[in-house]
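Each of the next two complexes has chain A plus one more chain, namely chain B in the first and chain C in the second.
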Partner chain A sequence: MKALEIKNLGIQFGGLKAVQNVSLHVNEYELVGLIGPNGAGKTTLFNLITGIYKPTTGSVEMDGKNIAGLSSFEITNECFGARTFQNIRLFKDLSVLENVLVSSHKKIDYNLWSVLFDTQHYRNSEKKIREEAMELLKIFSLDSKADEIAKNLPYGDQRKLEIVRAMSTKPKILFLDEPAAGMNEHETLQLLNLVRFVREKYKIGILVIEHDMKFIMGLCERIYVLDHGQLIAEGRPEEIRSNKDVIKAYLGEEETNTAVRSNLHGR
Partner chain B sequence: MRQIKHLFIFSALVLLMGFSFSNFLGIYHQTILALCGINIILAVSLNLVNGFTGQFSLGHAGFMAVGAYVSAALTTLWLPTLTNPFLMTEIGVNLFFLFALLAGGIAAGLTGFLVGVPSLRLKGDYLAVVTLGFGEIIRIFILNIEPIGGARGLIGIPQLSNLYWIFGFVLLICIWIHRIVSSIPGKQFMAVRDDETATSAMGLSTTRIKVRSFVYASFFAGIAGGLFAHYIAYLNPATFNFNYSFQIVAMVVLGGMGSLTGSVAAAILLTGLLEALRPLQDLTGVDLRMVIYALTLIVLMLTRPEGMFGRHEIWEFFKKFKKSPQGFVR
Partner chain C sequence: MAQFLQHLVNGLSLGSIYALIAVGYSMVYGILQLINFAHGEVVMLGAVFGFWLAPKFMYPVEPSLGLFFAVLGASMFLCGLLGFFIERLAYRPLRKSPRINCLITAIGVSLFLQYFTQLEFIFGAIPQTYPEMISQATVFSFAGVDISNLQLIVVGLSFSLMIILQFVVYKTKLGLGMRAVSENTEVAALLGVPVNKVISFTFILGSMLAAAAGTFVATMYPKVDAMMGTMLGMKAFVAAVLGGIGNLPGAVIGGLVMGLAEEFTVGYLSSSFRDAIAFAILILVLLFRPAGILGKTKIEKV
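On to the complex of A and B.
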């Protein structure tokens, strides 16, 4: 079974066809990249997959289930897809631990009364859930910062926490929207290792949007290229690197800009 | 065991507060204290919605009115028709009062559900608009029900409430709301406040969370209404106008959205201020109270826009104080 299967997906905002006729898939335990110039429709595609937008055409299947008619939270619960956001969207006034705790609703086995009357069962249950969340933080070495308020974390840790928070929903496929944006070379390298680690540890499929070519080319087994809402190429990194349409999309129409070409080949 | 200890401390505190308030103060100051207590419940419960869940409700007095009228109707209209001898005893009457209070709370909670579901499903400030309208609708609705007094108001409500009842509930509700916001479901309220999109991406129905918070708040407002009705022993629909809702919002904002102790402090401060200014009105003959009230709010909000306590509880300041010599200013 494929972790993600998209067929002829499209959405229109007024007259703008932000995504048109896109078909792509991600296998289980596969690391796939999604690249394309600014405004190509990459984030919009993520928003379609995660139920924030409803498609005008086409279908999305995740974990063998069609997402049609499901709202965003149901897709997370029933189709096991989790994501991060291009502009970090942490629960900024909650602590690191609490950011991860929010998704533990399935583990809550106490009711309102036990909270109000502070019963032993409630205490034990909360303790257990918090310990599990701490273990997850430990895996990603964020346990020492468990009580820090999310907005006070350094930028790199905020990006990392967003990934950990997504993992707390126990997804089978992970969507990362420009995880390396704003990072320096050192942080980007750490992120690269982190994404690989997540894939190895949890054996899940991952779809990554990123502008950093070195990052994408070094990380992904397969890459899709989106331009003006349409897929213009698909292939292994070395194939994408030499693809004429891709170079053209990044260069604009007729110019031959060596800077962009070298960017495609990694810095 | 722990619960028994808590119950013991709780009872002792309530008895102590109730006893000292009722015995060492005159009637006038007792009434102000009672109003303080009722406003504390209203402010703390509204904070659950406006502060912790980040939704803006503007009709809290409406839910208070539902609780007040439902409980008062039970004790004023229904209780006298009952012939059970147990209900003639002191204990019986007080138990019936407790039942009436809970019934008022539940009625307010249900109303909260009916108002909340359609308006909280939508993103944005629909709640503010809808609750604003609701507050007025409920007032006009009550105005037109003759059996509960209509525009004349409901008179002859038995005076069952007292400072023991009021401060018992103040303490209980503050503890309860503190427990709710400290639990994981409480963290979900704050998650909705910080980022709705991310909350749904975590697999949570934001509508359900918002409605839950709103229903809890309405329930507690209903209880406050019942306590109010049986303390003043008279209800007038005009009491629960927009002005009252606005005052509760002012308490929440002034105390700090997301600070329970802030709401308590602000409720006491603003209730006290309004009362303290009453003699001034008698003196000058014009209602300067609202002018001074508004000016006080403006000055306080200009100097501390995040409210007196921000999102912190009072004990957090002491902790920080100990830790860092610079104090808690951030």
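On to the complex of A and C.
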């Protein structure tokens, strides 16, 4: 089964067709990249997939389930998709552990009644999810920082925590929106390993938006290119590198382009 | 000195009631950035429900702690329902509209409840006497300071309720959901938090505390009237702003400060300044520390 299958997806804001007629898929245990110039509609596509926008046309299936008509939290809980954001959106004032615990909402079965009157049950379930969360933090070696407030973490760890938080929903497909934004080369390399590690450990599909060509070419098995809301190319990294449409989309013109072409080749 | 201490005791018991109400304002603001102006009316209805229910539970009403707790519980339950429906019917349809629309709706709900209650076949415009369920008596007298059983019960219950609230907010999944939603609704939803449920729950909790406050006020100053919520709500709102709106411990501190300020003003200046002091405090806070005592000043990025 495909982890993600998008068919003829489109959305229109007034007269602006931000995304039109996009079809793509991500298999289980596959790392797929999504690139495109600024304003191509990449993040809009993520917002469509995660239920923040409602599509004008087309359909999105995750884990074989159509997400039409589901709200964000239902998509997370029933279709097993999770995402991170271009600009970090942690719960800044919650601790690292609490950031991960937020998603435990669906796993927990006590109610206010048992908090007040059936404390044994409440304590056990609370203990269970805390242990699970700590385990997850340990896997990503953030357990020593569990009680720190999220906003006090160094930048790289904040990015990491965002991924860990997404993983805490036990997704079958993970969407990363520019995970390497604002990172130096060393941090980017660590991130590369982290994303690979996540894929190996959890055997899930991952769809990554990224501007850092070196990162995306080194990471992904397959790449989609989006421009002006439409897919203009699909293929393996080496195919994308030499694709004329892609070069044109990034450059505007085909000649005078050595600088950008070398960028596509990974600097 | 004895006089000072006596005012302190009275101020604390009044302040703990303000704190209960202020916490409700603060919770809703924290989650929806909405000043729920109808909150004072929920307090009033908390007292009205008690006025109706007491004779139903026991006729004729005689002072008894059991009755008091039964009435308190029932009134909290009914106000919880009321809070749920206020959010569901008045605020949820406007969730995505500009904030000013919600604010005006809140004022509308507040006026609606006030005047609806004043209808002859509902409650009426004439103030009524709240049934006496606890006969006031001094239980504790020390160095000229009298503490009544009422004050003990009110302060004790208020603080117990606020401690339970603190526990719910900081130690349970619903509380974590509330804190997550108040920081970022969209991300919370993406992580599987049922945002609508959490918001309903917040309104239910806040309204239950408001009902308790209404019952306490009516027990201490045994008068029920349809307009009683306005001034209580206003003062508690000032308390919430004073403490830093959106901040629960801040609301408690703000409430206590307001209660003490009011009591000392009455004691040492004049009782005509009773209400003026609240708004004098509001003006001062807004001038010198708009974020409140525990609030954080937000630096806006340009």
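Some points to look at:
Note that the second predicted complex is superposed on the first by the 262 of 267 C-alpha atoms of A that agree within 3 Å, B and C clash if a C-alpha of one lies under 4 Å from a C-alpha of the other, contacts with A are read in each partner's own complex, and residues count from 1 in each chain.
Rule of thumb we're sticking to: contacts are C-beta pairs under 8 Å (C-beta built on N, C-alpha and C of every residue); 3 or more make two chains touch, one makes a residue touch a chain.
Quantities reported herein were computed from a predicted structural model and do not represent experimental measurements.
Superposition of the two complexes onto chain A shows a clash between chain B and chain C. In the overlay built on the shared chain, the residue A:250 is in contact with neither chain B nor chain C. After overlaying the two complexes on the shared chain, residue contacts for A:117 are found with chain B alone; chain C is out of touch.
Once the two complexes are overlaid on the shared chain, A:103 sits against chain B and chain C alike.
Chain A residues in contact with chain B (one complex) as well as with chain C (other complex) are 50, 52, 71-73, 76-77, 82-83, 85, 89, 91-94, 98, 101-106, 108, 112, 115-116, 122, 126, 129, 165-166, 168-169. Taken together, the chain C residues at the contact with chain A in this complex read 164, 167-168, 171-174, 176-177, 179-180, 183-184, 186-195. Interface of chain A with chain B (complex): residues 50-52, 71-73, 76-77, 82-83, 85, 89-94, 98, 101-106, 108, 112, 115-120, 122, 126, 129, 165-166, 168-169. Residues of chain A touching chain C in their complex: 50, 52, 71-73, 76-77, 82-83, 85, 89, 91-94, 98, 101-106, 108, 110, 112, 115-116, 122, 126, 129, 165-166, 168-169. Contact residues of chain B toward chain A in the complex are 2-3, 6, 176, 179-180, 183-185, 187-188, 190-191, 193-195, 197-206, 258, 311.
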